[in-house]
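As written, the chain order gives the labels A, B, C and D, with residue 1 at the start of each chain.
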């Protein structure tokens, strides 16, 4: 059934669709970022595809590729029961993708998380700020070039001298 | 007096000195502030629940304001975002106060050794008892509480010490 | 001296009440350690800094509910002697209690009709 | 004297900003709700999550395929087995392999018991936050019985790490069937008692009926799944929509609410526990004999006898532990029905020993996104049951 969905998208946006593949039962369509909102709105409104249920939105970081950040959106149709994966990728210099909160209200928090952990900006998003990390955090930790143990603790640590237990204040 | 433990040094159950009476009173009426965040909450509920009852040790009454609590259970992972909140609540607790680090994540950060997690709450607040385990079994939790109660029994209350120095 | 005998029990009751209050206060004041730090004196808000000022104008509803409670509480205080001895006082006691209960009932009915307890 | 309107009589009042912070009894420790209050009424609210963000994805990217299981356990820590089954199915879909029939049925049985345990925790927390402490004790005691069975099967009460890619660590011990079948009626008694205490209780009804209402199409827009979505009337359940394991062969029905308020979410979870028990009984009837673990050379561990007796077993074990085996390159999205809703795993593999990208689609992250919309306009006391009925679990929401 999903091949029908990919076919419908290809027919509606012939120049937008870069590629599509079906792998292990999941149907994917790769599009240019420019008209992403219209494609998603088409998938939502078209009775044939009828993607009524917003499933997931995330980003995959491919440092080797020219267009580094790949935004992956999973949509799901309750009535027909099929799923589609819409992928679009943006370069590292201008990681900006149009926000689909106008079509799906739930994408709001998923986009804030993608911005928080990967640094991909979603233009048109009502309130794009960090959701999982605190405001003072510098950098986007899930990028492949962010070292895993680079910590930024917002509160001063008791200076723990090596081998010594942390200093206790005067016990009552 | 915990079962199977030797009586505290220099004193039968009928304590004579006022200080040991205070320590004995504090030991058996710990009002707890459950600073619960992560998966250890499941075992904390079991420890508080009817099967491994924490009420037998007098430490069952949860107090949700640091003013009225004298024991803070830090249960589960404390992330870097949660650290200032834990530190603020610890500072707002009134003396005498004790801290129990419940589980490996609270004690040393557990296997979340990355940018997001505080590697052990003793980096920001002094801890009295560390309970290992991910999550620790309720029996371990009760044993940790008994360790704390022994420690309280041996502590001298500074008030009495101050009075002694004055006299 | 014997005419005071009756009042002795009342006197002892008052003494015990005041005594216990003083003993408890003194114990916690003298035995409890006092470390007044800045963080202990700011209000507790689940570990965050408080935002906004404290002297804001609260809605009038709070005041209404407080006043109603005060009114009915004081009116009830009058009924305590009757409530304790209503069996021995029999119908005559009831005759004394009914006007008070009636006035309070009327007041409550008026308050509910007027919507004083409705929050919206 | 002209008639004053009711509105003019009330003196204006300024909104009060209040933090229902992370360390609050009703926010389960990890959500901070910043409320703008007009007296008792919530004018606007901002739910902030992320206080339990422990870097799950970063940890998974630096650990091998089998080392991810303990991390996956700690996502929805109220029902760890359901996360493990979801992750195992995702990797098996990536490897392109199907598990043995006995393992399928055992996974369904253990999964449904974990679902019951999760609903017990949710109902316990929700009723305690409404002041009913007795149901909390009944439900926690019942959950401890389930933990005893889990401990006998998997060796650990809560964090089992019992599933493997291509099967399970070991078979269930003998006497497992009789023990579980003996346990189910006792759980039924507890659910009946708790329902008797709460469902017709005047206070409970006042606090939950028509509180935190959600309509079906707004819920779909938010990406709601699980008991919360079913309470609004949409009967979407991944076990029915895309049957996996042996859910296609067991008969069970999907409880559905009507007006999507806290009361319906409570009722849907109670009814779901009964359906889970029904599934367990049918699953035990069709439990086939046979092995539980497939022998996949690239991914699954050999038997201990082979490891200690034959050199190939030792080498294979060593390579799997050190390099993590080889999972074919590709990407896959696999969804299973966890306790809070559709738990999706989007895994990208570049053929190496560890996953390149391990994305978890957390059901309660989408559910809690609608919290501020549900509590605006209500009383501050309504935030507590609404938050409790969504059953947001910190580990799964913040990962």
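Odds and ends about this structure:
The working rule: a residue touches a chain if its C-beta (ideal position, glycine included) is under 8 Å from a C-beta of that chain, and two chains touch if they have at least 3 such contacts.
Note that the structure is predicted; figures quoted are calculated from it, not measured.
Two chain pairs, B-C and A-D, are weighed by contacting C-beta pairs, with A-D ahead.
Measuring from the averaged C-alpha position of chain B to that of chain C gives a distance of 36 Å.
For this pair, chain A with chain D, the centres built from the Cα atoms lie 22 Å apart. Chain centres here are Cα means. That of chain A falls 57 Å from that of chain C. Averaged Cα coordinates give chain B a centre that lies 30 Å from the centre of chain D. Across the assembly, chain D contributes residues 21-24, 50, 53, 55, 58-59 that each touch 2 or more other chains. The set of chain A residues that touch two or more partner chains comprises 133-134, 141, 148, 172. In chain B, the positions touching at least two other chains are 81, 84-86, 89, 95-96, 114-116, 157-158. Chain-to-chain contact here is organised irregularly, matching neither a line nor a ring nor a star, and falling short of all pairs touching.
By the touch criterion given at the top, residues 30-33, 35, 37, 39-40, 42, 44, 46-48 of chain C touch chain B in their complex.
For chain D in complex with chain A, the touching residues are 48-50, 53, 55, 57-59, 62, 93-94, 96, 218, 220-225, 234, 236, 241-242, 330-333, 335, 342, 344, 346, 348, 356-357, 359, 361, 365-366, 369, 398-399. Residues 23-26, 28, 52-56, 58, 60-61, 72, 74, 78, 81, 83, 85, 104-110, 113, 117, 130-134, 141-142, 148 of chain A are the ones that touch chain D when the two sit in their complex. Across the complex, chain D meets chain C through its residues 10-24, 32, 34, 38-41, 379. On the chain B side of its complex with chain C, the touching residues are 22, 65-67, 84-86, 88-89, 91-92, 94-96, 157-159.
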